[in-house]
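What follows is a short report on a single structure.
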Amino acid sequence: MVISKEAVLAWIRAFAAAVEQHKEYLTELDAALGDADHGANMHRGLQAVLDRLNGVADRDIGTILRTVGMTLVSSVGGASGPLYGTFFLRAGTAAGTKMELTADDWLQMLEAGIRGIVDRGKARRGEKTMLDALGPGLDTLKASLQEGQPLNEALRRSAEAAREGMEATIPMLATKGRASYLGERSVGHQDPGATSAYLLLQTAAETWTAGA
Amino acid sequence: MVISKEAVLAWIRAFAAAVEQHKEYLTELDAALGDADHGANMHRGLQAVLDRLNGVADRDIGTILRTVGMTLVSSVGGASGPLYGTFFLRAGTAAGTKMELTADDWLQMLEAGIRGIVDRGKARRGEKTMLDALGPGLDTLKASLQEGQPLNEALRRSAEAAREGMEATIPMLATKGRASYLGERSVGHQDPGATSAYLLLQTAAETWTAGA
Amino acid sequence: MKKLINHPERVVREALEGLAAAHGDLVRVHFDPDYVYRADAPVQGKVAVISGGGSGHEPMHTGFVGQGMLDAACPGQVFTSPTPDQMVEAAKQVHGGAGVLFIVKNYSGDVMNFEMAAELLEAEGIRTASVIIDDDVAVENSLYTQGRRGVGLTVLAEKIVGAAAEEGYDLEQLKALLERVNANGRSMGMALTSCTVPHVGKPTFELAEDEMEIGIGIHGEPGRQRMKLKPADEVITMLFESVVKDLPFQAGDRCLLFVNGMGGTPEIELYIAYRKAKALADEYGLQVVRSLVGSYITSLEMQGVSLTLLRLDDEMIRLWDRPVKTPGLRWGV
Amino acid sequence: MKKLINHPERVVREALEGLAAAHGDLVRVHFDPDYVYRADAPVQGKVAVISGGGSGHEPMHTGFVGQGMLDAACPGQVFTSPTPDQMVEAAKQVHGGAGVLFIVKNYSGDVMNFEMAAELLEAEGIRTASVIIDDDVAVENSLYTQGRRGVGLTVLAEKIVGAAAEEGYDLEQLKALLERVNANGRSMGMALTSCTVPHVGKPTFELAEDEMEIGIGIHGEPGRQRMKLKPADEVITMLFESVVKDLPFQAGDRCLLFVNGMGGTPEIELYIAYRKAKALADEYGLQVVRSLVGSYITSLEMQGVSLTLLRLDDEMIRLWDRPVKTPGLRWGV
């Protein structure tokens, strides 16, 4: 099984739709921990992405994802703009001029994207950020593929691990981003960025395993 | 029966006490029609009067009342300061150097005081102001004395007329003072200045007829 | 009541102490009676320009004392006119031998207290002149009321007349100028929320979550109409049309457009309001040659805005541009 | 939600249009990407001083563009950092060949977006330097957080560094000066009420009628402590002591004392706050040689205040006093 360029486009659209659907929820989570704008930020950014997506739909996957990244960088703002922007820029660079992706391509793109988030935001796992959903998602993808699981199953497990990682942010103490100002009061709330990051991997799994 | 200087002092103190007791009520009335300060204004002014009253307690009634007037002028502010101030200044001037008052003295003082309010405020009766309590109070005092009623009875009737006048402000349309900005909406509320003016004549009647 | 105060009865006094502490280079504060005056007063040979009124409208009037604007301001208690002794003592403190001009907002209390002050000063041989500002078009039936209230135009009048006094205009000239400013300016305001008078402790009026009051006064006096909250552009259109039709302003008129916040209005909303007011002025063919945007005549923490339009002539423009150095308004120096 | 707006999504855009309409003599506004810049930019040979951040803090930063302060400001959505393309385009518009200085408040979003902008500009051969302002002492455990937030000191820093840039300081000198200002200033704020982000539509946090939040951030981030409302003097004492002990300020230090309103605070309360802060400064033996009182860095309609204390040296005093001509701060010109 490979992931076609069309599937990549479908994933981005599905991510945008999921964020639209959960916009209020993401903002509510951010109201408890930050400044109540994560839903609005991501939604604004992804709407801008949708506007530009058709214009690059004929190009290679690297170009498509770098366009997504640049668009997010220049339309989201806040912390999540440069972070998600860098994620897609790096993932796109890793994808290069490919027109379809193997399981291993996706693993390397995800790894590069997450490394971009770390470079930009200087956070580590366990600090109650999007990394706490993405990190487990990456680990599980890698382990599943190494175990020899088919891509379908690896994607499902990866999304499931991201969900668990997202939920695991609830008891965490935030030490990065706005939530860190809450100190002890950050405990008991789910991180909004980890939540949107789960949606990112969940829509990938859902889109790419549909009908499989 | 005459009104002694002590009785005049007792009246001022009783007026101050009545305003203190009804401070919130006066302010509430002013909240409906004006700017919610009539109780506070009158209370502040009369507390200042009490502070100065002992210093002039040995002097004649004219001096005492002019001191009350000057103190109100310089401590009440708003519309009621110059109006009540002028009332006491003119009433004091009418009293001159007397040390006690006859029924006729009081009649002339009240008339002079009210004329002062008209000169200063340019209102007429029926405009929903303190004049609508004071005016009927004066008329009834004059008529009762002309009828040959004793001062006690004339004072009681005068206060009663002031009360009726005060209540009669409820259906009136305000055309002077802040309440006038309400237009039709001023109808249905009792005028705060008419209410404090009733207290003025009511405490005079009560103080001067006590034990009589 | 949520206020950063110590005690309702000490609000005015303590704020004056703060003003004195913060702006000792510009103003002095006298207590009992209370008035704020220019640090360099009296300026010999200059007409002293004095205003005053209830407190709670800051920066007006105390924040407008200084070079090029007021010589003194007399603050009453919150929303309560000052008393004549304040104006009398302030006038004696600042007058430079050329007389005293009183700028009075049209409220019965203010008018009567300033009138008593003028009588007392005349008796002491100090010449006075008074002009009553009444620019609030929300008061429609002014024949049957105290007349129009003095609102936003007061700020512009104090600036323009203050500059003229600084230039050496005499008392008659200043009075005539002030009357001309008053004749050429109109205002109207609205509120999204009530204010709370400190010693009252609860909101002066109640507005539902989806209501606003159009034509509000600066003391929480009710306005022309209570109605459902509307988009900013519609609100500003209502205010603008009432103001522009009243004078009426004519195509080609040069104007100063003043968008004022009522105290609790964020600046971002004032600029949204200005945007629409300016667009409407353009539609009417008015030339907006000067602007002012900010919270200059307020009603404690009330949220809302007022619009003021002043038809300018060359003299007013020149005087508006002259230097002003006060805690609340400053340029050119 | 009671706001004088047309639509939550158009708040920033329409306010910028209003700013352009009101202050065309001082600033220009560019849209898509959004930035505000000096009407006379670029000033050849001068370092361009640029700041930016989420909107909703007006007059900061857009109101501080003009002679003697910022060359450009990049406004994000309400409480959301601007994006790198804004800073890149603004920098290209205003830079006069001597490099670009970014003044960045310490929020992860702001830091990352300005960092990306700096990388992009360096790639295009435009020299940049950035200084991160982090003066909020409310953040105690800054080792375990993003670090202290940038708050009130930002206003003072923009004024002082803007004046130095106008005088011809080069990029290294400006960076060193800005770091010195940041090292010598401390702030802390409190809130009586929450603000409401337009697109959220309800208050960011809930405070009971008798509660306040001490150590609040400028985006409604919770503070050090939620407690029962106290008299102003006690509130100011809490803020002042946290601020003064942190640097720590020493007896004899010359200081600028800045009392800032959060957007919905009436001016009369700011002066009550200033009065106490000044009295405490006197007690500590500090010399308050300069003051600023007003709502300069706000959180929409939030009621509350912040205190900033900046230890001054001769150079900073001279630069503070230099002329400034912006919509939000103006003197000497």
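The first chain written gets the first letter, and so on, giving A, B, C and D; residue counts start at 1 in each chain.
In this section, contacts are C-beta pairs under 8 Å (C-beta built on N, C-alpha and C of every residue); 3 or more make two chains touch, one makes a residue touch a chain.
The model shown is predicted, which means the values in this text are computed figures rather than measured ones.
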Contact-graph separation of chain B and chain D, given in steps at minimum: 2
Contact-graph distance - origin chain C, target chain D: 1
Furthest chain, CA centroid comparison against chain D: B
Centroid spacing, where centroids are CA-atom means, of chain A and chain B in whole angstrom: 77
Chain A and chain C: spacing of chain centres that average the CA atoms, whole Å: 55
Computed distance of Cα centres, chain D from chain A, in Å: 32
Contacts with two or more other chains, residues of chain C listed in rising order: 78
Chain contact topology (line, ring, star, complete or other): line
Touching pairs - complete list by chain label: A-D, B-C, C-D
Sites on chain C touched by chain B in the complex: 33, 54, 76-85, 107-109, 112-113, 115-116, 138-139, 141, 144-146, 149, 197, 199-200, 204-205, 217, 219-222
Contact set on chain C toward chain D in their complex: 2-7, 11-12, 14-19, 21-23, 55-56, 58-59, 63, 78, 192-193, 209, 212, 229, 231-233, 235, 259, 263-275, 278-279, 291, 293, 295, 298, 300-301, 303-305, 325, 327, 330-333
Interfacial residue positions of chain B with respect to chain C in the complex: 27, 31, 34-37, 40-41, 44, 73-83, 85, 120-121, 173, 175-178, 180-183, 185
